[in-house]
Each structure stands twice: as C-alpha cells, then as structure tokens.
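Each of the next two complexes has chain A plus one other chain: chain B in the first, chain C in the second.
Then we have the complex of A and B:
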C-alpha cells in the first residue's frame, strides 16, 4: 500500500489543497436553505458538483504522473498497473468519504434538516465512486492538466444543469429532460429527491445501481494504460 | 500494425453507431429508464470487449440482455443486431438465421429490422474476412522474417567456418614449406657443408675431386629444389594490395584514383578478401547507379586498423534501402569486429574500418 500512502500524502501536501478539501465541506454545512427549491440546503444540493471537481483535482495526480514520466518509471517498477491505479483510486475515494462524512455528520450535529442523513451519506458515497471513475476516464483523453480542467468545468456545468442538480429538472424542455436520464447527475438529483420525500427502497437501490453501473463503465474506459 | 488499428477503429465506430441508433430509438419511444439501463449495460459490455480480450461466445451476453429487456423496451429487438455483428466478427455469421426467425415471430416485427440485421451481418462478415486475411498475411510475413533471420544466422556460421578453414589452410601451407625446407633443402645443404669441410682435410686428389663433385651435385639439386619450393609458394592470382590495384585497373572506363599508405603486410588475407569485396561492390554501384565522373579510393593501414574509403562525386542521392550485397558486407564487417558505413549525402561515400588483431592475441 505504498502508493496509497504516498498518494494520500500528496493529495493533502499543501495548505491550499487541505483547505479546499476540508474547509469546503465545513462551509457547505452552514450554507442556507432555499425557499421552495432545493429541498436540501444549498451546500448539500450542490455538493455533487463539488465532488466532481474534487475528483478531477485528485485524479489530476495520475495525469501529472504521466506528464512527468513517473508513469513510465512505475511501469518498470515491480508493481502492476492495476495495483497502481487501484491504490490511487482508493486514496481519492478515502478523501471523498471523509468529506461526505464531515458534511453529513456535521449537518446532523448542527441540526440541519437532512430528512434521511444515512441514506444521503450512502448516496454521496456512491456518487463519489462514479465521479472518481468519471474523472479517471476524463483524464485518459488528455495530456495536459490545464486544458482537461478547463473543458471539464464547462462540461460539468452543463451536465449539472441538465441533470437537475442546479435547477429543477421540470423547468427544462421535455427533450432535455429525457436526455438527462443518461447523465449521472440526474440520478444524483433523483436520489436527493428520494432522500427528501422518501419512497420505496427499491427506487433508492435503482439510483445507486445506476451510479455503480456508470462507475464500471467509466472505470473500464478510463483504466487504459497510457504512457506519454 | 497500422492497418490493424484501422480495422479496430472501424469496428469501434460501428459498435458506437449501433448504440447511437438504439439511443435514438429510445428518444423517440415512450420507454422509461429501463431503456437507459439496457443501453448502459450494452455500453459496459462493449467497453469490456474493447478493453480486454473476452471469449468468442460473449455475443450471447447481448442476446440475453436483449431478450430480458424486450418486455420493457420493445426496441431492444434492435439490440440483437449488435449480437449479430459481434457473432459475424468472430465468423459466426449464420447466427442471423435463428435471429431472423425470432424477429419475424415477434409480434412487433418490422421489416426495417431485417434490413438492418442484414447490413450488420454484411459489415461484420466483411470485417472478419479482411481481418482474417490480414492475420494470415502477417503470419506469412512473420514466417519469412524468421526464415530470413535463420538464413543470416547460417551465413554467419558459414563465414566463421570459412575463417577457420582459412586458418587451417595457412597452417597446413606453413607445415608444407617447413617440411620441404627441412627434408630436402636442409639435408642437401648440410651434406654440401660437410663435404666442403671434408674437402679441406682430404689430401688425396681423387678423393677431393669426388667430394667437390658431390658438393656441386648437392648445391645444384638444392637450387632446383629451392626454385620449385618458391614456385609452389607463389600464388597464381594476385593477392593483397596488388589485387585491389588490379580491380581498379580493370574497372575502366570508370576514372578511379587509387592510393594507399601503411604497411600492407599488417593485413591478413581475410581482411584483404573483405576489402576486395567492398571495392568491387562500390565500383559496381558507381557504374550502375551513380552519375559520378571521378571516384577516389583510399586505403590507410595503421598499426591498429585498416580503413578503406571510397568516395565519388556523384549527385544522385537515392534514399534507397541497402541492397543484399551491402547488407552482406555489413554483416561480414561486423563479424570481423569492424564497421561498414555508407553515406549518400555528398556523393557516394563508403567507409570500411577493420581493426587489426595482432597475431597471437
């Protein structure tokens, strides 16, 4: 687990990273609630977008490894590509779990109305997995960290908008509402609605199942061994 | 390899196009999220197929998925085309028959579906055939490459054997000369010397005369033997630098300037053979391909190496691959631990450098 420890240390190596990673969830707890929409406080509604950005920021380390030729060195080291990748992803996932925990547990402590905090936590965890896998796939298309980040920002805004995280999906044209089902953010928004309004557990399992399916798809596509 | 990638890209393109068709059908239908689950699962199977090599029968996964999802999403019937394509891609194009029967038997049958499946099976089979042919060609190429490698290996071994035979011949010749000198010339000369010494001591005139006569016969015989031995030693053909000069002289009407410096005795016969081959090859190339008017041949022999440099003033800079003659020379130069280089930048320049190994080393 050397890579895991190292990646973990690298992710929180400087103060800026540390602040971004752990101050934001704390701040998000104290963000106000909307009047009619969203049903959860803003910090919780928009947390999915934050997870997407953090995933890309974290997985940028893999891209950096490729750019700096570390990936090449790793490929001749006695460690498999799978192990290197798995330990990297595990480290990012651990950080994201911690953030979700801070946000949800902090919310409960502060006394925010979270309806079903446990299920919300589970939903965020599942979304984190899909999000990391998406970031991994995303960086496998790029050679440059800055360019990948820039395009990612615009793409994220669009999928968050269409997916129903930024605005209620009912406000969108019908065709976009239909297309939205294809986006992971749609399932996150659906999950949040389920947490708020409750419903059959089957529905919640479907949401999580979809997110896990997305995770597999992105992982398979993104785990290509690339040495630039 | 590049052609393979092209096939691979085409297959991926076709797979994505099939999924897009399904996505379009979902958009125009009233199906719910089940269709998305279905498409997502197909997408996952597709990415697994691209990423890893999975068994040939994996098209069954698509068939099962389609059959499971048809009740929720009628257009899932179109997903069978994906299975047909994957089957055709592994040479099982006949799968279209049971599939067609299934499609016709299905209540929501559509003739477009048959056309679509037919197109898919055609594309799949064509790609399969092309890839198969390509694989066969690659195999043949590999085989030929291997054979070529083996031939080169044999050539190297033959060259080695040749050097050994040459060494053995040299030793044999040396033995013959020493035996000749020892057995005949040595005996006669010693006999003559003893006779001369005896002649000085003898007082009887008749005896002295007979001894002198004996000396005369022995010396005369020795002279003949020496002539014969030397005659046997002298080769009929030219060797060494004379041979190179001969080749240059024979190459008229080409204008070739030949000069050499250094001790030509330092160079062993196998090196001369190599240098001769280089010179011949270069002259042939100049006469065949070059528009040169003048060619300069320089041979430098130092204590440690021999360098043959052939340079012409031609202007044709062919970017051709070295022919078999040049490759063979390169191989021989490598065998002798030397180097053989050709430069076509500024006229045709051929340089052969061979290290001189000291005898006994």
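Then we have the complex of A and C:
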C-alpha cells in the first residue's frame, strides 16, 4: 500500500491543502439555511460542488505524476497499472469519506436539521465515488493540470446548475430538465430531496444505483489510458 | 546478456521512429547511446522497458524473451528519467522511500537501501530536506537515488544531466562510473558527446531511428580519422619556411594565417616533432594545438550533420 500511503501524505503535505480539505466541511456546517429553497442548509446543498472540486484536486496528483515522469518510473516498476490507480482512488475516497463524516455528523452534533443524516451520509458517499471516477476520466484527457482544472471549474458550474443543485430544477426550461437526467448532479439533487421529504427506499436505491453506475462508466473510461 | 533488441520496429501512426534496431547489452558495460534530438533514443528506452509495444521484433531482458516485462525482470531495472521525477513536496528520504516501496522493499532492508542510495548521490546530509528546496543539481541527484534505491542490475539513464551545473554533472558522471565498478550495467543516453567519451565503454550512435555505428570511442574515431590538423602559433611567421614543411611526406596543406601556421597531414603521420624543428630554425614557437577528431566528427562524417542540434554542418 505504498502508493496509498504516499498519496495521503502528499494530499496533506502543505497547510493550504490541509485547510481546503478539512476546514471547508467545518465551515459548511455553519452556513445558514435558505428561506424557501434549498431545503437543506446551503453548506449541505452545495457540498456536492465541493466534492467535485476536491475530487479533481486530488486526482490531479495522477496528472502531476504523469507530467513529472513519475508515472514512467511507476510503469516500469513491479506494480500494476490497476494497483497504482486503485491505491490512488482509495486514498482520495478515504479523504472524501472523512469530509462527509465531518459535515454530516458535525451537523448532527451542532443540532442542524438534516432529516435523515445517515442516508444523507450514504448519498454523499456514493456521489463522492462517482465524482472521483469522473475526475479520473477528466484528467485522462489532459496532460496539463492547470488547464484541466480551469476547464473543469466551468463545467462544474454548468452541471451543478442544470442538475438542480444550484437552483430548483423546475425553474429550468423543459429541454434542460430532460438533459439534466444524464448528469450525476441531477441524481444528487434528487437524493437530497428524498432525504428531506422521505419516500420509498427503492427510490433512494435508484438514486444511489445511478450514481454507482456513473462511477463504473467513468472508471472504465478513465482507467483505459496508459499510466505514462 | 542483460538486454537484447532484435529487429525492433516502432511506428507512431505512419512515422517510423525505430527502424530495425538490433542491440545487445552485455553485463558490466556502460553503453553510451548518442544521437541528436528526435533520433529515437527515448523511444528505444520506452520499448526496452515495456512502456511501448513494438510493431515488430523482440525484446529480451535477462535472457527472458518470452515474458521480458514480468515483475521478476522489472525488479532488476532502474530508470532515470529525463524529467526530474520526484515529489517536490516530500523530503529526500520520503521520495526514496516511495520508490523503495513500489519495488517491494520492506523493513530494515528498505531503511538501509534508502540511506545508501541517498549517500551514494551525496545527499546523506539532506535526507530531511524537502525536494522543492533543493537546487536543480540536487534534484537531479535525488532523481538518480530514487532509481537506484532497489539496487538494479540494469540502470537506464535518459539524459540525466540536462540543464545542470558542471559540478553536479561531474558528480553524476563519477557516480555512473562507480556504479559500473559495483557491477551495474548502464545504458546512458545523451546528446552530449563529452559525457559519452568520459564514461562509455561502448558507444552506439542512433540517427533517424537507425543505429548508424557502434564501438569503443577510440575505434569509432580511428575509423573516420583520415587527417590531422596541427596549428602552431609562431613569433615571426614571415621567417618560417613553409616549403620545407610542405615537403614532408603525407603533408597535404600548409596555410599561414596571421601568426598561425596550419599544417594538414594524413592521420598519425608523426610530423609534430619535425614541424616544430623546422619552425624553430627560423622563428619562436608561442603555442601548439593538435586538433583531434572526436565523436562529433564521427557523427558529422557518417551523417553530414552536427550532433548537438541535428542541423547541417
């Protein structure tokens, strides 16, 4: 588990990274609630956007490895492409789990109305998995971290907007509402509604199932590219 | 035999990058792989290490031609990349530790090898320093330490001295020689012929994807050396008898240029003494320069182009 261990180490190697990774969930707990919408406090409603951003920041380490030639060295070492990727993804996922834990159970501790905190935690976890896989796929198209980050920031805004995370999906034109179904953020927004309003468990399973499906699609696309 | 390439052809789309390469690398050698930018050196390394599949031909590593890139062979290879392939945010020790880990070293052996590798490149005093605070030369040395940490039998160095100061370059070249003495076989690619002349036991010159020649530095130079040029700086050039020099056997040309006399003769004519005697009869000798052929001349002779930039001479 050398790669896993060192990815964790590199992720928190400087104070800025440490602050971004762990201060934001704490701050998010204390963000206020909207009057009519969103139904959860802002910090929870917009946490999906943060997850997407952090996923790209973390998976940018793979891109850095590629840019610096470290991936070349790894590729000729007795460690498989699969093991290298899996250990990277596992490390990113561990960090995101910790963030979700801080946000959800920190909120519970300070008395935030989260309706069904356990299911909210599960929803954030499955969205994190899809998000990491999406970031992996995204970086496989680029050779430069800065450019990939810049374009990704614009994409995040668009998919958060159309997916119904930034504004209620009902306010969007019908054509965009149809397109939204194809976005993971749509399923996140649906999941948040389920957590708030409740419903049949199979509906929640569908939401999480879709996110896991996305994860596999993105993982397959993202892991095909050569390491070096 | 450490490694062998037999009839390797590599194309990127329609571009032929390696054109039927045959190369054997024997144990204990330092092979200097020399060629201008774009000659195919890096591609050859990528094929030799399994980073690229070849379109045609076979790679054999440690006598294994069936599965040359299986883990037991990979464990014996080290690669020093052209880029500085280290984690700047981590310390020298952590960097070496990472590479020791991916090669499966554990416990005390890992600890010892990390310390040895860092000491070998002269970074024993900087183990706790973050790589991002190192000079370019120190980062290059750390890059080498990370490739040596698993004690490879075969070390491939892809232009390891690009962009560093002469002191660090010398340190690296000395380290390469020391590695060879310790039994490591080295494939050293560069487009700096001086480096190859200093360290290589055998030179392979690659151009446009083909090996155009190979041999020891002396052999390669001997093969192309047809003439020698002796330049003598004199105190009274007008007094020197150029005719006497021209009359010597095998002297092709005598040119007076200011206070310099240039004598072009057949290689190994042994005229230096005689020329000096003739000149001293009429004038004083201020300086002598005997121009010898080098690998640059070998490349120039074989390709009609200069080595450093691949341009026309």
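Heads up, the rule we're going with is that the second predicted complex is superposed on the first by the 225 of 228 C-alpha atoms of A that agree within 3 Å, B and C clash if a C-alpha of one lies under 4 Å from a C-alpha of the other, contacts with A are read in each partner's own complex, and residues count from 1 in each chain.
The working rule: a contact is a pair of C-beta atoms (placed from the backbone, for glycine too) under 8 Å apart; a residue touches a chain by one contact, two chains touch by 3 or more.
Computed from a predicted model, the values in this text were never measured in an experiment.
When the two structures are aligned on the shared chain, A:32 is found in touch with neither chain B nor chain C. Touched residues of chain A, counted separately for chain B and chain C, are more numerous for C. In the superposed model, A:223 makes contact with chain B only, not with chain C. Using the contact criterion defined above for the overlaid structures, shared-chain residue A:173 touches neither chain B nor chain C, since it reaches no partner. When the two structures are aligned on the shared chain, A:69 is found in touch with chain C, with no touch to chain B. When the two structures are aligned on the shared chain, A:111 is found in touch with neither chain B nor chain C.
Once the two complexes are overlaid on the shared chain, A:181 sits against chain B while remaining clear of chain C.
On chain A, the positions that touch chain C within their shared complex are 2-3, 5-6, 9-10, 13-14, 68-70, 72-79, 228. Per the touch definition, chain A reaches chain B in the complex via residues 175, 178-179, 181-182, 206, 210, 213-214, 216-217, 220-221, 223-224. Taken together, the chain C residues at the contact with chain A in this complex read 49-51, 71-72, 74-75, 77, 79, 81-87, 89-90, 94, 98-99, 101-104, 146-147. By the touch rule above, chain B contacts chain A in their complex via residues 23, 27, 33, 36-37, 40-41, 43-44, 47-48, 51.
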